[in-house]
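Input: one structure, supplied below.
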Amino acid sequence: MADESVQREALVAAVENVAARIESEKSHLTDLDSAIGDADHGNNMHRGFQAVAEKTDEFEGMDVDEIVKTIGTTIIGNVGGAAGPLYGGSIMTASQELEGGITAETSVAFAEAYLEKVKDRGDAPVGAKTMVDALTPAVHTYKKSVEHDDLPPLTALAKAVDAAERGVNFTVPLRASKGRASFLGWRSVGHQDPGATSTLFILEEILDTAGE
Amino acid sequence: MADESVQREALVAAVENVAARIESEKSHLTDLDSAIGDADHGNNMHRGFQAVAEKTDEFEGMDVDEIVKTIGTTIIGNVGGAAGPLYGGSIMTASQELEGGITAETSVAFAEAYLEKVKDRGDAPVGAKTMVDALTPAVHTYKKSVEHDDLPPLTALAKAVDAAERGVNFTVPLRASKGRASFLGWRSVGHQDPGATSTLFILEEILDTAGE
Amino acid sequence: MKKLVNDPSDYVDEMLDGMLAAYPDRLRRLDGTKVLVRSDAPVDGKVGVVSGGGSGHEPTHAGYIGDGMLDGAAAGEVFTSPTANELNEMVQACDAGEGVLCVVKNYEGDVMNFDTAGEMAEMEDVEVAQVVVDDDVAVEDSLYTSGRRGVCGTILVHKAVGAKAAAGASLEEVQAVGEKVVENVGTMGVALTSCVTPEKGEPTFDLGEEELELGIGIHGEPGTERAEMMSADEVAEHLTEKVLEDLDIESGEEVVTIVNGMGGTPQSELFIVNRKVQEILDGKGVETWDAWVGDYMTSLDMMGCSVTVCRVDDELKDLLNADADTPALKR
Amino acid sequence: MKKLVNDPSDYVDEMLDGMLAAYPDRLRRLDGTKVLVRSDAPVDGKVGVVSGGGSGHEPTHAGYIGDGMLDGAAAGEVFTSPTANELNEMVQACDAGEGVLCVVKNYEGDVMNFDTAGEMAEMEDVEVAQVVVDDDVAVEDSLYTSGRRGVCGTILVHKAVGAKAAAGASLEEVQAVGEKVVENVGTMGVALTSCVTPEKGEPTFDLGEEELELGIGIHGEPGTERAEMMSADEVAEHLTEKVLEDLDIESGEEVVTIVNGMGGTPQSELFIVNRKVQEILDGKGVETWDAWVGDYMTSLDMMGCSVTVCRVDDELKDLLNADADTPALKR
């Protein structure tokens, strides 16, 4: 396990990469939200990760779990909408699992806690056409890869990203039963869920950062 | 000079022809008014002459001057805008000249009185880019043709129509100084005045009716 | 045409019926006309105050009928002055023997029809006076125009003369107050889009994605100048500076301002403009005594706004602040 | 983009500053937030009543701050719920020790953020209660949706709970009145055009010249159904029948109605729709006790309208009629 300052640097790099990715996907995410929502998901995510990126100076000297918690509260305090509490609140709660730093073990615990909290807050089952559809296969795959197949975390994460992508594709043919898209009834079928998509982008950037 | 009932029939025919012409030119007149006014001249004129056309039953038994007066008051009561008082009020006032029926002489007096009243009400000199620019040459030509050249009224009227048309064309290159078009300043240059145009249409129909 | 409309030729008629259905206790329609009056008109012992003009400027005119403002409002067809006949009927219905003040916007059609109506009413022994509003500073008042247009400043005239009449003033006094407002008020407007009249069904003028029209009136007529699209702050600056200059307003003076929406512009944008208008006035040491923001005098669905500034003294402040109870304005 | 706007990311901020500039005596902004409160908040001895949600619905929410309605309103970004942090600050600023009622529109974002804010405030010993408004009858409340949306009926909740709180009722009583309105109110909306958000700068959805969207919400989201363009009467019929059926309103009952504009539709058209709405109610023997017509809950510059019907009893009539003094609504 790498020491704290290496982990801190990795977190900063991850935050910067995610923020940059969200920035470049801003209008893509908003367009997805236009089709079945209210055309703000790109702006919401962008506002949140800009705020987080501006906080990286403060991370110096913080423990890893504190840093992650700060990321969560910053998102809560800047995003609003459904994405704010779902992303921010879940990161904040799950950050407790990272006490003592990021290991293969704590990362699995974090992922599980995060998923749990999203489902708890949003009350969306799998198949409701939400971020849960990207998250669930990703977390299941990550846990199985680490705990049962004994794969190194980086390999496990790559598999998780792959799983998330399938989840995103899975949302397309579904009728939404949660979130704004549910107001459209059958008309939501055929469109990709924005929140699942942003979840995938974030996982991809974490994987990229971890690979470096 | 034809007897009263022939004149009455001619008036009814003229009203019907004018109403039909205005109906077919409605959107043309409104388009002209869109460019330098408020896009209602066609509707205004149409509303007025429809109302007049619906009154022709009542003409039975009226004297010619009474009929013309009724045409004027009907226009006043149905048109509104600038066109209502200008057309309707002037017809009403000038109708006095037709006491005893339409002759070459009374028709000239009517035309002069009508022009006088329009100028009086609207206070527009020639060259202000209004109906006055069509009306003035028409009335001048009509009077000269009848009184000085001893032409038959029908020939004189044909010349007047020709004069009105020159007046309409004359409005195009002018800057408006009266009416809504004056609010546009120099931007009114290059557009044809709607009121001058409707004046020409009416004169053309009167000529056509008189020719029959 | 993107409109909630049935037969376009019933537009004004059905709009008035819809107003009556909303305010059955407040409003009454004169039979066979497009004139609405207070249900209790004429009001005993009070000078009547009436207005009118083309439709399409809602809530102007009938929205301002009620205690402390108008006794009657005549609705013409869209953007077309009402006929003299209907104006005359309105004047007569609003006369309680104290005379009637007509608030007229300076358009030749309106002026000519109100003039004729006044003559008709006077033949029936009704005392009639007029205030002609011409607050639009975009148009020069010169030999080359038919004068300045009456636009959003008219609302302040309605409010002031209505309050004066409600206070029991004479026809002459009510008229004098109206003229005081007219002398001290200026307005300038901008359009981001044309409006669509129900009869025509298409935009009155074409405006590119990156263009706007400055110096527009309220009838969908093109403005005095076409310009490149501007930011809200630039628009606010352009309009406010032009009005202040025209009125010659100086540091230390008190004013009331209106940021008026043309119908299709959301309130949020009007507030963004108001922010800048007040910043400009502040910077010049002009004191805003009251700031109105909203749709007071519109052009159907046009996007855009106008800025009105009116110099106020104690009398006008009292009158603008006085009680009013109308569908569109309550104080 | 045809908007009076500067940097789109300053949209909400500058709008709020513009409101403050218009109502400096009435409103106050909580430092560093997008929350406006009554300048005298918290009001001694009174239950606090607050609301909030995304911006773009003006005059909702801050336009309803004042005597007899809201004590505070939190503005999120356009169509985005405010953050829990800001909602919490609002709740605390509006608590005079009698507790605070939060009026929440039923969107997952709003509900989650208000929930979190409530928990935060309760940790500071503020008693918090909620009324969740879900009046949109277009959406089925079923396993297949996240429930019904809160739309224009929210205004009646604001009015009723605001009046109840002003009358000195307890938090529980105020909440109960809110729930009574929620049980008796239904709304259905139609869009003739999409709206354009300042950040996106383009229509949220495309709609052909001859199409409309039925069953829309107030966030520019597409509706439940696309249909061919209809006349005003057909639109009124469609919306009204659907609401009446859902509420099971019968002959002899009394209701208040709202014909609400979505922002880009002129008032004249709303009155044309109101005419037909009242004709339909009349035909069914339903008695309209009061009819509201105007822009109460908008979607930026969207063209379209919604029809709200709310069954009223004596208590609700008293509360809806009670004095209110806010920028957007006075009684």
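In order of appearance the chains are A, B, C and D, and numbering begins at 1 in each one.
Please note the rule applied: contacts are C-beta pairs under 8 Å (C-beta built on N, C-alpha and C of every residue); 3 or more make two chains touch, one makes a residue touch a chain.
Predicted, not measured: the structure shown is a model, and the values here were computed from it.
The minimum number of touch steps linking chain B to chain D comes to 2. Chain centres here are C-alpha means, and the one lying farthest from chain C is A.
In whole angstrom, the spacing between the mean C-alpha positions of chain B and chain C is 32.
One simple way to say how far apart two chains are is to compare their mean CA positions; for chain A and chain C this gives 55 Å. Each chain gets one centre point, the mean of its Cα atoms, and the points for chain A and chain B are 76 Å apart.
The multi-chain contact residues of chain C, meaning those touching 2 or more other chains, do not exist; every residue touches at most one other chain.
Multi-chain contact residues of chain A, defined as those touching 2 or more other chains: none present. Because contacts link the chains only in sequence, without closing, their graph is best described as a line. According to the touch criterion at the top of this document, the contacting chain pairs are A-D, B-C, C-D. Residues 2-6, 11-12, 14-19, 21-22, 55-56, 58-59, 63, 192-193, 209, 231-233, 235, 263-279, 288, 291-293, 295, 298, 300-301, 303-305, 330 of chain C touch chain D in their complex. Those residues of chain C lying in contact with chain B across their complex are 54, 76-85, 107-109, 112-113, 116, 138-140, 143-146, 149, 197, 199-200, 204-205, 217, 219-224. Of all the residues in chain B, the ones that touch chain C in their complex are 27, 30, 34-40, 43-44, 47, 76-86, 89, 121-122, 175, 177-180, 182-185, 187.
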